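There are two complexes below, and they share subunit A, which is joined by subunit B in the first and by subunit C in the second.
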Partner chain A sequence: MDETRTKSGTQVETTVLGADEIILNMGPQHPSTHGVLRVKLKLDGERVAGSECIIGYLHRGVEKIAEHRSYQQFAPYVDRMDYVAAVSNGLGYCEAVEKLLGAEAPPRARVVRTILTELQRIASHLVWLGTHALDIGALTPLFYCFREREEILKIYEKYCGARLTTHAFRIGGLQYETYDGFEAEVERFCNDFSQRIDEYETLLTENRIWLGRTKGVGVLSAADAIALGVSGPVLRASGVKWDIRKAAPYAAYDQYKFEIPTGPNGDTYDRYMVRMEEMRQSRLICLQAIENIPSGPIMARIGKVLKPPPGEVYHAIEAPKGELGYYIVSDGTTQPYRVRVRPPSFVNLQAFDQMARGSLVADVVAIIGTIDIVLGEVDR
Partner chain B sequence: MFGITFNDIRPYIFPVIYALVIVAFLPLLVGYITLAERKIMAHMQARLGPMRVGPHGLLQPIADAVKLLLKEDITPKNADALMFWLAPLLSVTMGLVAYAALPFGPAFQIADLDVGLLFILAVSSLGIYGIVLGGWASNSHYSLLGALRSAAQLVSYETAAGLALVSGLLLGGSLSMKTLVETQDQMGVWFVFLAPFSFFIYMVASIAETNRAPFDLPEAESELVAGYMTEYSGFRWSLYFLAEYANMIVVSGIAVTLFLGGWMRPLAAVHMRVFGLPYDLLDLLPALIFLGLAAWCTKLALRLGQQIQKLVMFLVVGLFVVLAGVMAWSLTSPALMPGIHGGFWFVVKILLYLYGFLWFRFTFPRYRFDQLMKLGWQFLIPLALVNLVMIGIGLVLVQQSGWPLGITMIGANIVTLLMALWLVRHGDKVMTAPRTAEDDLPVAGAGQIR
Partner chain C sequence: MADDPSKKDATTPPSGGGGGTPPKADETPAAPPAKAAEPAKPAEAVKPAAPAAAAGAPPAPKPAPPPKEAPPKPAPLDNELVQRLKARFGAAIIEPTIDRKQAIVLVAAAQWLEISKYCRDEEKFDYLADITAVDWPKREKRFDLVANLYSFAKNERLRLKAHLGENETVSTVVNIWPTANWLEREIFDMFGIRFDGHPDLRRMLLPEEWVGHPLRKDYDILKQDEAWVKENLGIESGQ
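Moving on, here comes the complex of A and B:
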C-alpha cells in the first residue's frame, strides 16, 4: 500500500493506492442531473470522496416577482416552480392566501382539489420513476410511465385546458366546474392504474440488477433525515412516519382513509418502494373521493380585489416531493409584501452529500434520481 | 507483365472480392441494425420509433449517415491530436480485420486460418486500444473514466469468454472456424445443446465485451455522458459507432459458428424429400421467409398514405421478392446452393443473436462497476472453469471408455448447473475476502471541496 499524504487545511488525506483525486464536474449539462444541477465531485478513482451541489442555473426570482403582482396574478407563477407537479404548487399557494384572508374554499372545491392533487402526485411519481429507472439504465419503464401520465394530463387538459402548468385552482376555490364524465374518467384511470403499477414492478422490484443498484445505496438514517430537514418520501423511507396530509390535514384529506408507507433502511430501494406504495394510496384516495363529490358552489365569496389584512401566514402541504410551504407576509395592500417558498426539492437536496459520500460515480446518478429534485423548484 | 501470371493472382481474387463486399455492405448493415434496434425498442416501449424518413423510417439510416458525415469534426483544444485521430481508426480497423476469418458460408470466407478463432479473438481485443487511447487523448474526465472502465471490463470478460470458447473447442477439436462448423454438421448436433453453459457464459461475456447494456458502463449515458466517445463528433464518432456494431456482429459470428451450427440450416439432419423433387423441402424455407417478408411489407405499403412512400415500400417488396427468387433459383444449382443458403442462415442466426442483445438492453438496468467485476470474476469465471473441466472429463469418458456422448454431456451439464446454483447462493460469502485494515482507510477529502 502506497501512502501519499497531503496536507489540506488541518486534515490529513490518504487515498487508497495513493493516486491523485480528480474533480469531476457533473452538469449543469449532463443527461442525468434532471435539468441544470451541477455537482462537483471529488473522486478517488470511481469513489466519491466529497461532493458539492452548485445550484442557481434556473433562478428566475419567483419570490421577488410575487412582490410586484397581485395575489391572483402571482398564482400562475407558482406552477413554474415544480413544473412536474404544478397542481400541488397551486394548491399550496391558494390555501396559504385563503388562510391569510381567513376564507375557506367550499366543500365541493376542496374535494375536487384533492382529486386533482392526488392525480398530480401520481403523475409526479411517474416522472420520477421513469427518469430514475432511466438513470440506472432501464430504458423501458420511462415510456410506460409516460403513457399513464398522459392519461392524467388528458384529464387536466379537459378540466382546465392546460397540461403541464395548469393553474387549475383559484384563490377561494375553483374557476371551472368539473366537466361531464370527470368522475368516470378518473375512475377508469384509477382502475387501470393498479395493474400498471404491477407492470412497472415486474420490470424492477425483484430484478437482481435493480436490487444491486438500489439496496444499500444512498442510505440516510432517520436522525440525519430529520436533522437535515428532509421531508416527503425521502423522510418516510428513513422510517419516519410524517405526512402533512395526516399531521395537519388540508383540502379534504381528513375525510379519506389512506396509509403512510415507510421504509426500514432509508436506502434508494426503500425510497423506491415508498413512492410505489404512495401511488397506490393516491389511487385509493381518488377512488374514495369520486364516490362522493359534494354539490354546491365551487368558489368562496372573497371579492374580486384581494386585500388581506396585514399579517403573516405559513401554510404547508404535502407535495409529491415533500413539504411545500408558503410563507406570505401581507402589508394590507393588493400585493404581498414578501412571499417565501419552502421547496421540498431544495431542502432534500441538502442530504445529497451525506448520501453520496463513499459511494461510486454510478451511485451518484441513482442518488440524484432518488431525491427526486426539480430544478425549477430548487432554484426558483 | 512483371512476371505475374493469372494463375499467381488467382487464389487472391475471391478473398479480395469478399473483403470488398464486407467492407461495402457492413456500414449499410450496421445502419439497418440501428434502425432495427430503434424500431424494436420502440415497439417494446409502446411507441412507433422512426416513421418520418421513408416509409416506417426505412431511409433513416441513410439520413443519419449523411448527417454524421456533414457534422463539424471537432478536436478538443487540449487533446492529443495524433492519438485523437488515430484511436477511432484503430478501433474500426480491428473490428473489420476480424471479419477475415469469419465464415459466412462454406465458401464465403476470406481466409480459412488454422487458428481462425484465436485470430478473431486476438484482433478484436486489440480494438480496446482504440477505446483506451481515445479516452486518454480526449483529455476529459468522462472519457478517461469510460476508457478505464472499458479496459478493466474487457480484460475481465475476455477471460470468461475465452474459457467458455475453449469448452466449445474441445468438442470441435479445431481452431479453424470452417472445421468447427463441419464438425457440428458431421456430429449432427449444435454445440449449444452439448454445452449450454458455455454458450450462456459466452453470451453474457460477449455482451460485456462489446460494451452493450446492461454492461454498457464505458459509455453509460446517464453517468459518463458518452464515456470514451464524449469528445468525439461527426465522422470520427461514427467510426467508433461502426466499430461497436462491427464487434457485435463479430462476437455473434463467433457464437453462431461455435455453438449454433454456423451456416448450417436448422434441422440440417432432418430431410424431407417428397414428390421426387430434387431438393429438400426444408431448403425452401429461405425463399418462403423472404416471400413472407414481402407479403408483410405489401400489407404495410397498402396502408401508407403518400404515393412516394408507397413507391419506396413497394421497392422493398420487390427486393424481397428478388431475394426469394434467388433463394429458390439457387436450389436448382448444386454448386451455388450451399454458398447462398449458408450465407442466408448465417446472417439470420447472427440477427437472432443480436436480437437477444437488443432485448437485454431494453429490459435490464445497468450494472454498477463493482457489481460487474463481481459477476465476471466471482461467477462467470469459476463457472466457466468448472464447465470446462466437466466437459473435458466427459469427452475423455466418451473417447476412452466409449460412453454415449449425449448422456455424458447431460451429466456434465448437471454438475455445472449445481455449481451455478451454489455460486448464486453462497458465492458472495466464499469469494469475498475478509475485511482488512486497508478497507477501512478513510476515503480522501473528508472535508468540503473547494
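Moving on, here comes the complex of A and C:
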C-alpha cells in the first residue's frame, strides 16, 4: 500500500504500523456509512487505534453555484444538502436572506414554517432511528419509522407537491397557503405519533442487545464536544444544554413551550434517548402551533428582484443534526457574493475519530450511525 | 471613473479605519463601471459566465445595478468587549463594526492567534461555530478570513475577521479550537490559504492532486482540473 502522497497524516500513520496493526478500508461503498463516506481505520487486533475520514465524493460545489444564481434561484439548491431534512435547510437559508434584506416573514408564515420544520425534525430523526437500529442489527424499527415518516411526507406532498426536496419556503414567507384540513392532518399525526414512539421504545430502550451495543460506546465528553464544535443532539447528549431554538429563537419558537433534553454520559445510548425525547418535544410544538395559526398574509412585501444592501450576515438555526449556519455576503447585486454553509454533519463528523478511538471495530458502525450524518451535507 | 478614487478610499480603511467595511469597498465600484479595466472584478467577471454556464437555466435577471444612493455604512461598534480588546491589543484591533446587529471585529492577521486565544480564555468565546474565507481579488489583500465565535456563557456571537494577501499565511487556531482542523483544511482546499502550524494541511473535499482553488473568484464556474479528470475518470471533460 503506497501511501506516500498522504503526508503528515495526523490520524492514520499508514507508513508506521505495529506488528499487530492493520489498515482496514471501510467504504465509500458500504451500507452502514449512510452514503459515500470512506473511513480508513487503523486496527490493533479488534481495537480501533486511529481513523481517518475521507470525504468529498459527493462534492458539488454548492457554495460556488450560489455565487452564480440569484438569491431566489439558489433556494432550491440548499434542499439538496441535507436531503432528509430539506425543509430545515430551506428555513435557514430563507431566514438568513431575510435578515440580510432587513425583512421579516409575516406571523402566519412563521408559524406554518415552525410546524413544517418540526415535522421535518421528526422525519429526519425517524430516518436516523431506523437506519441506526438497522446498522446495529434491529431490523424492525426501520419499517415502523418509515411508516410514520411517510405520513409526514404526505403532508409535505399535499402542501407543496414535493416529498423530499420540498423547497417549501420562499424568501419573505411562503409561496403556498396551507391546504384544507392541514391542521387536522397534523393533529392526527401528532396524536398517533405519541403511541408510535412508545412502540419504538418498547423495541429498543430496554432491549438487552440494544443496551449492549450502545451503552458506553462512542463516549464524547462535554469539553471535547465543545472543543470539536459539535452541535445538536450529539452535543446535548454530552450534557450541554444548548439549543438555538431557545438561545436565539427564530421563526415562531419563542411562542411555544418545550424542553431541551440532555444526556448524562455522552454515549450512543444517550444520543438515542435525546433524539427520542426531541421527537416528543417536536410533536408538542406542532400541537401548540396548530392550535393557533394566526391569519393574515403569508408573504412579506419584499419585491421580485432582491438586492440586499451590501453587507453580511450569519444566521444559524437548530437543524435536526445541529447548528446549520448560513454566512451570506452581499455586494448589493441580485446575486450573493458569497454563501458559506456551516454544515452540522461535516463538523460533527470530525468528532468521529475521538469517539471511535479505542472502541471495537464492530462499534464503528454504531458510532457512524449515532452522529447522524448526511453525506450530501458533509460534502456539499 | 468617478468610482476609482472611491474604491481606493475604500480599500484603505482596513489600515486607516475610516470608511466602510472591506466588502463595501469592492462592491461600490464593481457595480456599473467598465469591466475591461479590471479582469478580476469579483461581481462582474462572474456574471457573464453564469448564463453561458447554465445553458438550460433561465438567465439571472442581471442588469448592471445603478448605485442610487451611497450604501449604508456599517456602524462602528464600541462596546465594552471592543474596549477591552483595544486595551489589550491596541492597533491590532483595526476596525470594529456592527452589521445587521452582529458584531464584527477586523483584526490584524499577525495577531490572529493571540486574539483568538484571548477571546476563548478571557472573553469565554469557547465555541468556534465556523471559520471560512471570502475572496475580494481586487483588494490589495484579497482574502477575508472570517471566524464566527459563540459564547455559551454569554449567549453571544462575535465575528473575527482578518485580511490576508495572496501568499500570506496565518497562524492556525487548531490548538485553540480543535474544530478548526477540518474547517481550515476546507479553506485551504477552496481558497489556497495556508495555515502555519496546522497539523494536517491537506485538501478536504477535492482530490489531493487537484490543481486550483475553486472558491476563488478568478476560478470560473466551468473550470476544472482537466488533467485530473482525464487521468482519473477517463473522460475528456465533465462539461
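The working rule: the second predicted complex is superposed on the first by the 361 of 380 C-alpha atoms of A that agree within 3 Å, B and C clash if a C-alpha of one lies under 4 Å from a C-alpha of the other, contacts with A are read in each partner's own complex, and residues count from 1 in each chain.
Definition applied: a residue touches a chain if its C-beta (ideal position, glycine included) is under 8 Å from a C-beta of that chain, and two chains touch if they have at least 3 such contacts.
This one's a predicted model, so the numbers in the text were calculated from it and none came from an experiment.
Student: Check the residue A:38 against both partner chains and state whether it touches subunit B (first), subunit C (second), both, or neither.
Tutor: In the superposition, A:38 touches no partner, neither subunit B nor subunit C.
Student: Between subunit B (first) and subunit C (second), which, if any, makes contact with A:139: first, second, both or neither?
Tutor: In the superposition, A:139 contacts subunit B only.
Student: Considering only the touch criterion stated at the top, classify A:327 as touching first (subunit B), second (subunit C), both, or neither.
Tutor: After superposing on A, A:327 lies in contact with subunit C but is clear of subunit B.
Student: For A:24 in the superposed arrangement: first (subunit B), second (subunit C), both or neither?
Tutor: The first partner, subunit B, only.
Student: Name the contact category of A:65: first (subunit B only), second (subunit C only), both, or neither.
Tutor: second
Student: List the residues of subunit A that touch subunit B in one complex and subunit C in the other.
Tutor: 8-9, 11
Student: What part of subunit A is in contact with subunit C in the complex they form?
Tutor: Contacts found on subunit A: 5-11, 55-56, 59, 61, 63-65, 67-70, 73, 99-100, 102, 226-231, 240, 242, 247-248, 305, 307, 309-314, 316, 323, 325, 327, 329-335, 337-338, 340, 342, 346-347, 350, 379-380.
Student: How about subunit A: which of its residues touch subunit B in the complex?
Tutor: Residues in contact with subunit B: 1, 8-9, 11, 13-16, 21-25, 30-32, 40, 42, 44, 46-52, 133-140, 142-144, 147, 203-204, 207, 209-210, 212-213, 357-358, 360-365.
Student: If you look only at subunit C, which of its residues touch subunit A in the complex?
Tutor: Contacts found on subunit C: 20-21, 23-24, 26-28, 30-31, 42-43, 46-47, 49-50, 53-54, 57-58, 60-62, 65, 67, 71-72, 74, 99-100, 102, 104, 126-130, 132, 134-135, 146, 148, 152, 155, 157, 159, 177-179, 181-183, 190, 199-209, 214-215, 217, 219, 221.
Student: Which stretch or stretches of subunit B touch subunit A in the complex?
Tutor: 41, 44-47, 141-142, 145, 213-214, 216-217, 220-225, 361-371, 438, 441-450
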